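Look at the two complexes coming up: subunit A is in both, with subunit B in one and subunit C in the other.
Coming up: the complex of A and B.
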């Protein structure tokens, strides 16, 4: 029973990782930009959630659509205002730009919130869900389920809408997309907006699961990049698979060897990359990402 | 109305610093098949990129009928009636053949009835597209991929079709199928501009021929005359050009 409980916990955690990492890998797939600011977007949304919850005290989960929308708009504006100009200079420059944006966001958050942990503690914060012998913490359960629902919505949008088709087309063949009349710029703006929106939604989910402070962005971005590299840069199914593997690995490590949990997280990545250097489902090698 | 579909006059274009096209001229009559031949690097594909708006000409003019199209973006040129099947792989490998075809109609996506009609038209012309609709385009052979690329280009019912080395890397059977499609297009009143490395095939298909060298037209004429021209023959026997 404990095995199933840990597995379920790991899959829920994996769902949250999957949502966050999909945003990074989607942006990379369309724009060839490694969005190292995703961790900062995430923490920004989480602290914003804390602020609103602290001021008004209403259910933080209600902020999901708002935060998704706000971060989506911010992403869109960053792309249109800055990234589009820097993009022709290649991945090296865009990483620098996104890193700069991450530092600025972190600075703003530090000024506003100080360097202290903030915890959002709604009524269900300490409650759990019992299903027979399986006991799951309520925040993790809710976050995991909402992450899967959000992923499902994104999937349906990418698969069945014209804008989603255009976005995927642009990721798979830029010249081919241009030849059927898809503008790279609108596909890229949309990809960046959706990618950032996942951080907006994910920030709310993290806020009810973990205490947050500005510098936790480093921890989050390293996890997300780890997942994306493991899945294969640019591959959403890869990111989801990678996220599940790492969520489960982390859940088991946390139960049996809690001090070693990060080691297991990154160890699993290293081990898999030894056998599949392009990642689980990647087509581009890691050199392409850097070059 | 004039019968000239497309004219290029004195077009100069290039990538970065250098000029690839150095005063390119071209005129295509309605319903004709014109074949451009010339050594590698002569700028044949660049002509196509300029016509379809992927590359802007620095000077000179490109007219579709009376309308200047240089400077329009690729989507507008597509809507004006010019479609291109490029030299390199143009499909979306991880999408189904059906979705690839549908994306050919991206510019008319809001007109569902028209989209449906065009899909049916193309499926009838190229049965493969219907037979393997749900397969990923990445799994197709070179010849099949070409057929889907051609089908996709026809989704907007273009009046001018550009085909860059359509026979490249195909087996003889597929080449014959592609040739048949090209003839069919011209018979329907479309104008076709193609580039062929295989000069014999190209000139056999075409009504008009153009020999390009170093970004300029070296020779134009009826396809037959070009094919019989001793200079062209010597060029493709591997002797240095221009001697």
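Coming up: the complex of A and C.
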């Protein structure tokens, strides 16, 4: 029974990690940009959630659409206003730009919220759902379910909508997509907006689970990059798989050998990359060069 | 769903990512060097003026401080800055030190062990400050103490009681709290020892963050509790980046300890308690290191009702009847908000500055070697109470034992300074 209990902890956590990492991998897949500001986006959304909850007492989960939209717009604006101008300079400059944006956001959050942890405590934040002998903490359960629903919506959008197909086409072959009339700039803007929107949703989920502080962005971005490297840059199923591996590994390691929990995760990444340098689900096929 | 393709393309991309990180590093270091050059030029003029003023005995006494104003420790770093600034205000209002105003030169070390070394070297060699005050946490004071020692500058630290620092046997480093880190739990152990045998906890769980200040407290407490006959049923260390505490809380719950002691900084302390509440496990006694000292942040995070009965070690309380404490609290509230209770970290910084002030005034000068010798031989009265040090800067007193009672913090031990005669034991169940 303990095995199932620990597995449940890991899967719920993995679900949230999957949502958070999907935005990073989506942006990389379409834009070839490593969005090192995703951790700052997450914390921004989480602290915004706290601010609204603190001022008006709103149920924080109701903010998911608003935060998703606002962060999506912010992502779109960052792409159109800055990234698109810097992208031709190469990946080095885009990483530098996103790192700069992360630092600026952290500075703004420090000025806005001060150097203090903020906690969102809705009515269910200390409650849990008992399924027989298995205890599922309510914030984690809600967050895990909502993360999977959001991932499902993103998947359906990319799989079935015209815009989603255009986005995927652009990711697979930019020149080919351009030849059939898909604007790379529009596809990239959309990808960046969706990637940032996942941070908007993820930020609300983080806010109901953990105390938030501007500098926690560094912990989150290092986790997310680890997941994306493990799953394979650019692959959403890879990010989900990597997130589940991290979530479950972390839960078991924290139960039996917490001191070594980080080592287990990064050790797993090292092992997998030894045999699959492209990550679990990263592709390894011939480059389709059109130009 | 694959969003990208191409072997060579991927290799190129990954190569580009690595290259881009390298470029980012180079550009940042270039910017940083450029900034340093500019800063150095400004500093040269400032330093010439400052040196001239110092030589003439006029102008302010300049005190250099590096603090983690950004990054992981920005919360205590920001609080310490407030404490230092309150001390500066009150000192200057009272005529300064040696008849001269004091000026604080504060740099941000971004919570980085590398940057704190750069900062203190810069303060000493470029800014040519007269005196230094310490940064925040053992992690940062450890490298900072070596810079100060090599340059023969006294470094009085408001936080930094890890045994590792004192293993260096430095003469110029002083920790300005009542006791070193491992002794933080002494009053808790003494309280357990004072209980009739039947009322003592029979079993205990010890869990701590892998932190140079928190871990020694819990390790020392475990040894002392075991010596009292309390059986350890769980003992683990977790990395600082741990956020998900349900598995740890679950493992503790399975061991069913009467007493839980956690070496917690803040977020980890809150997350463990929340996880224990969610899992329905409530120990009879609960002790944490720093987390419960964070006032409203702590009670907001776990719910005010759940704070009841939680013990922690503390160096200061706003209720303390120590000389100057009321003035400190009043000036803090005047500067930062009438309804705010100063952070313990702010009070510790204020006390560190008081120690420096006492030594400067007693020795009548700014000679760091003389100040160092005086501090080894004399005690100082601060808002934390009386402090004194041994030959390697270790304080010789005891921390206070605090407990959350009815939504407020009370000092419960030692009796001489207790603000409450009641000790809540056992802790009520979580709400």
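Everything below uses one rule, namely that the second predicted complex is superposed on the first by the 283 of 291 C-alpha atoms of A that agree within 3 Å, B and C clash if a C-alpha of one lies under 4 Å from a C-alpha of the other, contacts with A are read in each partner's own complex, and residues count from 1 in each chain.
Heads up, the rule we're going with is that a contact is a pair of C-beta atoms (placed from the backbone, for glycine too) under 8 Å apart; a residue touches a chain by one contact, two chains touch by 3 or more.
From a predicted model like this one, the values you see are computed outputs, not experimental measurements.
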Larger contact residue set on subunit A - subunit B or subunit C: C
Subunit B versus subunit C as contact partner of A:157, first or second or both or neither: neither
Partner chain in contact with A:76 - subunit B first, subunit C second, else both or neither: neither
Touching partner for A:124 - first (subunit B), second (subunit C), both, neither: neither
First (subunit B), second (subunit C), both or neither touched by A:90: second
Touching partner for A:175 - first (subunit B), second (subunit C), both, neither: first
First, second, both or neither for A:183, with subunit B first and subunit C second: first
Subunit B versus subunit C as contact partner of A:165, first or second or both or neither: first
First, second, both or neither for A:266, with subunit B first and subunit C second: neither
Shared subunit A surface residues [contacts with subunit B and with subunit C]: 168, 172-173
Subunit A contact footprint on subunit C (complex, rising order): 1-10, 13-14, 16-17, 19-24, 27-28, 70-72, 74-75, 77-79, 111, 207, 210, 236-239, 241-248, 250-251, 254, 266-267, 270-271, 274-275, 277-280, 294, 297, 300-303, 306, 430
Touch list for subunit A against partner subunit C, complex: 2, 5-6, 9, 13, 25-26, 28-30, 32, 34, 90-96, 99, 106-107, 110, 114-117, 119, 121, 125-128, 135, 137-138, 140, 155, 158-159, 168, 171-173, 210-211, 213-216, 218-219, 222-223, 233-237, 250-252, 254-256, 258-259, 261-262, 278, 281-288
In the complex with subunit A, residue positions of subunit B that touch it: 52, 54, 73-75, 78-79, 83-84, 86, 88-95, 99, 102-104, 106-107, 109, 152
Subunit A - residues contacting subunit B, complex: 162, 165-166, 168-169, 172-173, 175-183
